[in-house]
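Below you'll find a set of structures to go through.
Below, subunit A partners subunit B and then partners subunit C, in two separate complexes.
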Partner chain A sequence: MTLKWRPVIAFFYCQNIPEGGWEERLAIEKKHKGAVRLFPIPCSGRIDGVHLLRALEEFADGAIVATCPPGGCLNFEGNLWARKRAETSRKLIKSIGLEGERILIVEGTAGKSLDLMGLAEGFLQKISLIGPSPVLYPKDMPPGTGVGFSLKGESVHDYC
Partner chain B sequence: MPAKYMIHAGQTPDRFETVTKSGIIAWEEGCLKCAVCVKKRCVYRVYEKRGLDALQMVDSVDNQCMNCLRCVQGCPKELIHKSVSPEYKALGDEYWSAEIISKIWYQARTGKIPVSGAGYPGPFSGAGFDSMWTDMSEIVRPTRDGIHGREYISTAVDLGGTPRHLSFGIEGALEVPTPKVIDMPLPVLLRVPSVGRITPNLISGWAVAARRLGIFLALGNEHINAAPGTCLSSLMPVVEEESLKCSAYPGTKIMELIMREDTHRVAEMLKTIKEPEFISVRIPVSRGVDDRALALAKAGLSIIHLEGTDDGRFLDDPTKSIKDGIRSTHLRLVEAGLRDAVTLLASGGMAMAEHVPKSLICGADAVFVDIPILVALECRLCGRCGEGLPCPVKMDKAEPVWVARRVVNLMAAWHSQLLEVMGAMGIRDARRLRGEAGRAMFFEELDRSTFANLGKTEEGCELE
Partner chain C sequence: MITAEQKPIEEIRHMIMPYKKILLLGCGSCVAECAAGGEKETAMLASALRMAAKMNREDTLIQEKNLDRQCVRDFIVQLDGIIHLYDAVLSLGCGAGVQAVAEIFPEVPVIPALNTEFLGQTKDQGLWLENCLGCGDCVLYYFGGVCPLARCSKQLMNGPCGGSRDGRCEVDPETPCAWQLIIENLTRTGGLERLESVFPPKDWSRKQGRGPRKIVREDQQR
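For the complex of A and B:
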């Protein structure tokens, strides 16, 4: 059984981003059925390195965080801390031999809307170029196996 | 006196991490490293037991937090903030609110009455059932040994009409045939919801739950085969007029007909049906529902089902609540002297335990519960299944045994709440609660009687 790899990304975004509503979320889910797993968070300052690393460990080929514009955080400095933590996590994954580009943080721009769909698609493309995560699909394992595929051949795409 | 009706509930855990209201935002940066950190002082030890479900990306810190806010208030650098979780905000819709959904989850998990703490923080009045308040004037003391103690409160109701009077022969023998009724221990019937992706496992679980509870599960033709054969007597097949004659469900006690055409033709048609013995006729709650129900009662039909929308409103008028439809129908039947000849069932928008006694007070004999039996299975009413997206709680993987236990738990919690309310109202029999409007206050009526005359002076009235 050979199963074709499709990238999966974990998309964390602050709930206070005006474009992060239910309709936008459903539109992304419909278009990318399971390839983009969306996680709205109460504030981008809630994101922890553990969230990003565990996402990469369990199911995602890449993780992206979208935050409010600088100075626009309801909790004053949540987005600043999110950036720092994402950067630390990036250094960490680099140190174990993963590509640093698998973690991305995007800040909004004051007065300009943040296109979540565009961001997700752009990041998916980037991850497709980088290739499957060696954490989920180790090179010495046959295709269709690894963490990315369960024994029944279910892909992680089956989770939503 | 019949044996006391008890529903045996048992803890039935969720399959997935629950979505909770709490969203803790805490950061380490700027931490003073106090000797005794507020996180260590958490009485629920939430921070110590912290873990992450990476697939669902649910942090245990949110699920275990009891919202006491001690950490938020106590941190000297104010590094801990609380917010409402975005997943919680996305639950349900305006009517099926996140609070209702999470309360149903709790009841289905534990079988216990949800306790929200002292005081009532909600609005004074609202739309629909929220605009009526039950009269708890009989609460004078806690009952000696609780709602399941020695005091007997019956929640049983009858389905089927009763004659207006009995007549006896010279020797005292009964001349009229004995009325036939179905005795149901709970004024609730289950119904397959109109939303969600319904699988055979769910039908099977619901049917088992209905049998265990001694009530019925109303289901369409397409689902009948999914129910186990042993539960046949607890099923209530729902049929269209066209398929009435060719449908036969041996072993069932009651059937439901969706009425579309004129009353008399349906009444004549039903007279030809011998099995099952009881047939309920479903009519929509819309303008003139009371007239239609009266016509059906006059035509000799004994069970009428008033169906509202899923959010408990009239089908043709979203400003009117189903409670008004039930009340007007009940009063019309009372005026015509036909109320006891008919059983009124109501459905649509029954979301909370309190909606059962409130519907009964408005004049229904029993209610259908549909969406809550799906929500009890962790459904988030997100509508993803309708869009062809995968279900976040994998409803298709739910086992029938688990489904049955969750629904029995939910009904156990509702039964307990019904007992509480009836005890507090001083009513010992659910049959007596029907139409007992004196045990409730209606906001519209109070508003009218208090404020309608404001600014008007009556003739001959002298101001002091």
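For the complex of A and C:
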């Protein structure tokens, strides 16, 4: 049996963006069950570097943050802080030899909707190209035997 | 407060390499205020070190704990019964905190994760300035509340040097000229005549001349 790696991403997004509602969440979860773990948050300013790092440490091959457009944060500057913290986390993971591209922050554009499904799929594709996280699949370890993460008894890293 | 910055992760990894069970010890006082060794920074460093260990297939246990103050015995004793479970402590306290923990638990190696920098003023969010050298003989009264030793690049007790331009230091144009500030402050608040005296060279014996300094307050002691 051949093990096939499937990327898993942690998707943090601000609930205040127009597309951050329940329907979008259900649609993403239905289509990418297990591959996209969603973390809706009241404001992207709540995101801390440790959230992104813990996601990468425990289950995700990549972490993405979607925020309101610059100047569009209900709490004035939550999205600015989210960007700074994501950049700090990116520097930190690069310092331990992990690809910086595994953390992505996307800001919305004023007057234009943010396609969460498209973002999730684009990032999944990007992570597929980068490859399995060496944290979850350490050196010399075949994909599928690394440290996984299970939710309600289901393996997030599916293999076939 | 005491300011500090985290050491490069390669240096930290090199120092903890011989140990298998490591306790990261954060401090909730000065180094938390300057975002170097508080709870968040400890959690981030612990996560990064765990990831680095996994990537390199190292069998290392890395856990974290935070003390409100790492330089005070009453807080450090909270580690009693815990610290012996670890091969080493990686401290995110200042130099005083590292040494205090090492003194109370001498059998466990305590490794510094921070470079302790200076006595700092929080000028703005994310900006700390060295405005005090802790010389042990404060002269701020004579200089309008601006320390010429800490804030003048040339440490002139009898300034100005004459090299400043537009109120900025000629050594580093990003630094405001301390002597310009001194004269402005004394002019505004009165007391410019204090500068008519010639100040002798600084007597550093109260800072470093008699070995390590200590303060004894019998009224505070048991």
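Just so it is clear, the second predicted complex is superposed on the first by the 146 of 160 C-alpha atoms of A that agree within 3 Å, B and C clash if a C-alpha of one lies under 4 Å from a C-alpha of the other, contacts with A are read in each partner's own complex, and residues count from 1 in each chain.
Note that a contact is a pair of C-beta atoms (placed from the backbone, for glycine too) under 8 Å apart; a residue touches a chain by one contact, two chains touch by 3 or more.
Please read all numbers here as calculations on a predicted model, not as lab measurements.
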Contacts of A:Leu26 with subunit B and subunit C, given as first, second, both or neither: first
Partner contacting more residues of subunit A (subunit B vs subunit C): B
Touched partner set for A:Val135, first subunit B, second subunit C, both or neither: second
Partner chain(s) touched by A:Arg54 [first = subunit B, second = subunit C, both, neither]: both
Which superposed partner A:Gly45 touches (first subunit B, second subunit C, both, neither): first
Subunit B versus subunit C as contact partner of A:Ser95, first or second or both or neither: second
Doubly contacted residues of subunit A, that is, touched by subunit B and again by subunit C: 50, 54, 57
For the subunit A and subunit B complex, residues of the former touching the latter: 10, 15, 20, 22, 25-26, 29-30, 33-34, 37, 39-43, 45-46, 50-51, 54-55, 57-59, 75, 78, 81, 84, 158-160
Subunit A - residues contacting subunit C, complex: 48-50, 53-54, 56-57, 89, 92-93, 95-98, 134-136, 138-141, 147
Contact footprint of subunit A on subunit C as seen in their complex: 8-10, 40, 43-44, 47-52, 54-57
Touching residues (chain side subunit B, partner subunit A) in the complex: 23-25, 27, 29, 52, 54-55, 57, 59, 81, 83-87, 89-90, 384, 387-392
